[in-house]
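Chain lettering (A, B, C and D) follows the sequence in which the chains are written, and residue indices restart at 1 in each chain.
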Amino acid sequence: MLEVTSVSAGYGALTVLRDVSLKVGDGEAVALVGANGAGKTTLVRTVCGLLRARGGRIVKNGTDITATPAHDLAQHGLAVVLENRRLFGELSVRENLILAETVGRKARGADMRFSWDEVTALFPVVKERLASPVELLSGGQQQMVAIARALLLQPDLLIMDEPSTGLAPKVVKDILLVIKALRERGMGLLLIEQNVGIASEITDRAYVMSVGSIVHEIGPGEWQSFLTDERLVKAYLG
Amino acid sequence: MTLSLVLQAIFAGVTNGIVYALVGMGLSAIFKGSRVINAMQGEFAVIGAMTTVLLLTRTGWPYPAAIAGGAVAGALVGAFIEVAFVRYMARKNASEDSFLLLTIGLALTLSASVLFFIGRDGHLLPPLGGEGVLIILDAVIQFHALWLIAIGIGATLALRAFYHRTTIGLSMMAASIDADGAATTGINVGRMRTFTFVLGGLLGALGGILVTPLIGVDYQLGLNLTLKGFAAAVLGGLTNPLGAAVGGLTLGLVESLAIIGISSSYKDVVAFSVLIIIMILMPQGILGRAGRRGG
Amino acid sequence: MAEPLLALREVGHSFGGLSVLRSVTFDVPEGGIIGLIGPNGSGKTTLFNIVTGYIRPLAGTVTYRGAALGRDTIQQRGLNGLVRTFQTPQVFEQMTVLENVMVGCTKLTRTTMLQDLLRTPASRGQMREIRERAEAGCERFGLTALRDLPAASLTAGQRRILEIARAVVGEPRLLLLDEPSSGLNVQEIDDLRDWIVRLNEEGITVLLVSHDMGLMTVARTVHTLYFGEIIASGDMAAIQRDPRVREVYLGV
Amino acid sequence: MKPRTLPWLALGLVVWAALPFIVPRYMADLLVFTGIYTVAGLGIGLLLGHCGIVNLAQATFYGLGAYASAYCTVMMGLPSIVGFIVGAVISMVLAYVIGRPILRLTGYFLALGTLALSAIASALFFEWDWLTGGTLGIGGIPKLDVFGFLLDRPSRYYFFVWIVAFACMAVAHNLVDSRTGLMLRSMRDSSTAAAALSIDLQALRTKVFVVCALFGSLAGSLFAHHVSFVSTQSFTVDRSISFLLIPVIGGATSIPGIVVGALFVTFLPELLSKLGDIHQILFGLALVAVVVLMPEGLVGAFGKLRTRFAKREGGGHG
């Protein structure tokens, strides 16, 4: 469904990604793990059209989206929760969500994957605080709003960049429950995560990134053994 | 100093203040949406007013239609400037200073165009609500000024509703708060920037049309209005168009109350001194951080 | 034991009620290389900014060369030999490589602007001295071949070396490196490691903030920061074995 | 100096010396203005090209210089040199006093702050007619007399103005080429890194602002003695804008660029005016074109063309 082939990217004089390839199948949950500065976020920005790839191809459901601008990706069933959530802090929760719903409706017409009611049912906290400015919500609540906003874009593949960063363990657990529920509905997932413990809990397989390249591939069923693998420790702690 | 003198100054201050507010709201809307300080904001006022004058006198349109025509002209010029210049320069990562120089150049060009095509003379528009005046405690206020105040307040409320109640308004705010977040929510950030210039042009033109029955419009009006509008926007915190409305009113009142009894050309000295002092001492504007929300 | 070059005592800070640093205490001994690691949001950058003078701590003290830094400005700290580099190399893009290094030497000399306007002998003499020092600096850091290029044309690795060269010609005592390996390739990181060791051998004390564990092996002591607190200290081998560090970093 | 540049320099000198005698009188007059504008533009160029500061207040200091010269010579009957000195001292003190707070601003705020300053000064020049003569102005300013040599014609005044201009260019060049110049440019490129290298940004900016004001005042005094009559119209905000255009058009980082810019703003309107009233529109469009297409100014654009050309040539042979 999502196929990234030999992508390279960077900023100005900096080359961050070198020849990165990965795949996410239909309804599959794949993790991209690696230490800080490995280039994970740059890959997210490249896939979702915020950063122009300098080489390689990105294909979604058979359509080449390498040069598609970020605001058109909802039409290809792709939504992303960026690092730090990137919500519109001064706007209310409802306003944040309405924006996404309008776009999602345009992309899918009557054939909505997630209705407003379903999404708000999935996130009771969000429903309670619809009128509050987003910046007054706690970090965990904001993360819920960010996921809800992405879902209203009606994606079949969700990319999440570091959804657990800076959140208390209890809150992370709640978010994992939501993600599991989405998986059961057949949602594809590309999870970018530094914390391999979390990643292994909700994904089928994974790629390990280091210094701008994919250095290991963890196949289905290999997660548990890999968690204690010295190769993993080396990728993180040198 | 008599009461009627003070009252008269307040009337004048509110009237001027509304005009500054409209120009400042446009400037602030453009800055909020594009991070460009538009040094030709006052020219929008000239374009709006001159177009209205021409439509009224040369083509004989009815007054309300001519006013609408003037406002649309401001909006169109705004869109043109974004599409023709700002977009190109933004793609090349032009500096703040380059945008300032660009808009100064455009201001010179537009002012010279008015001089060339329309001439050196000032033009007046008929006052809304006729020539009548209202007299309160010996202080005189023209009916037109009352209309101006009403329309100015109406436009401010309409702007607020536009930002919070329409999808385009919300999208414009979203794009200005977090461009990446907006793009990944399916908002075309580039198009929103064009819309902010349309909005800025519209508000500036409206300010120009409303002030013309009182002071007339000529090719030189733009620069002074730009500076006053900028002062209004800075007082309001620059990224908050509704703050600019408060800023404009404050500025109008301060300058007209400060010069009671002395020569009126000190008005600009007062206004611009206030601008400099506020920028240095209160960079967030007179509303402070709280004023950021709700724009 | 000799007095440390830099000492942090109970340093604390918060933003908008959210505490980002909680009583952080450690020493940077003269002649040492001290490392600071921690996951995103652990407070490394805040701590770095406190030491370099960009932020004033809300609690605790920072002592440098035996005196509290207090309200010293960034410039005063620099004149005292405390010099930093930046996570994204901040080279002066429109200036040549040599000129960049020359800027690093300006603090060693003094002229008034009037002397410079009139090009007095003193002004010319100082400029000559600055140029000689900078040329020697370029030579030493292998930048001589690049010296007349604008810094904007350098690669990320070259920019990093230039930034360090520019700091070192100003004769710092304490060099603070903020994520110096970010954006570098494997070879460039190796070179960088060599430079840090060599500069340290020449007597420059180094405080290194990085998430690059490979680079961190140059540090004699590494402090691990997590949610504003130091959770582990020791050499890199000990840090790698530390279960808390593994939990924080890997989640397992 | 390279031996190749010497003949060019000699040729340039000959042309410069012959110019006022071979061109028509009105052009000689424009060349005098070019020299005056070069002096005023140098200060703006130092700020813009070497500190990254947009100064839209130069007409203020230009006006102070002009009025000081006018008032001292006409109203008080003092020698001309006194006017120059009084203008320079007042301008520098004012620049220091105003510069310290206002230079804490950056970017747009600073640019518009200086524009507001210019608007205030322009209003005060108008209002303080006991000093400036208001719109009626002060007339009868004597021509300069240098060691008994009366500079009463453009062709004579030309030499004096340009010698002053060259001296100012030399001083500006000294500054750019010095330790201070290094620090200025570093501050322009990255103020954070400059601060980390112990450079006191605030003090430097203020000092350059004072130098800029000195040049502005000097130009104003030269102007007053050239036209013999000064009034408020010459010191408006428009004038500040056209002073800013000098380095923008010519290229702010290059000192010869200032002369190019000064030539542009004095000659282009004059040449375009042959086309009738449309010339001001064309001038505005020319400015927009320069800003959009040549962000480094004319001199920068020529430099780029030359490197591109040299590269192509080199490629062809190699």
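Going forward, a residue touches a chain if its C-beta (ideal position, glycine included) is under 8 Å from a C-beta of that chain, and two chains touch if they have at least 3 such contacts.
All figures in this text were calculated on a predicted structure; none of them were measured in a lab.
Shared contact partners of subunit A and subunit B are absent. Path length between subunit B and subunit C in the chain contact graph, taken as the least number of steps between touching chains: 2.
In terms of C-beta pairs in contact, B-D outnumbers the other of A-C and B-D.
For the pair subunit A and subunit D, the distance between mean C-alpha positions equals 56 Å.
Averaging C-alpha coordinates per chain places the centre of subunit A 34 Å away from that of subunit C. Mean C-alpha position of subunit B lies 32 Å from that of subunit D. Spacing of subunit C relative to subunit D, judged by their CA centroids, is 41 angstrom.
Under the contact definition stated at the top, not a single residue of subunit D touches 2 or more other chains. Residue numbers of subunit B whose C-beta contacts span two or more other chains: none are found.
Multi-chain contact residues of subunit A (touching two or more other chains) are absent. Inter-chain contacts, as defined above, occur between A-B, A-C, B-D, C-D.
Residues 13-16, 35-37, 162, 165-166, 194-200, 211-212, 227-228, 232-233, 236-238 of subunit A are the ones that touch subunit C when the two sit in their complex.
Residues of subunit D touching subunit C in their complex: 171, 174-175, 177-183, 185-186, 188-190, 192-200, 207, 211, 253.
Note for the complex: subunit C touches subunit A at residues 39-41, 154-156, 159, 179, 181-183, 185-186, 211-214, 216-217, 236, 239-240, 245-246, 249-252. On the subunit B side of its complex with subunit A, the touching residues are 164, 167, 170-171, 173-174, 177-178, 180-189, 292-295. Interface residues of subunit D, counted against subunit B in their complex, comprise 48, 52, 54, 101-102, 104-105, 107-109, 111-113, 115-117, 119-120, 123-124, 126-127, 237-238, 241, 244, 248, 277-278, 280-281, 283-285, 287-288, 291-292, 295.
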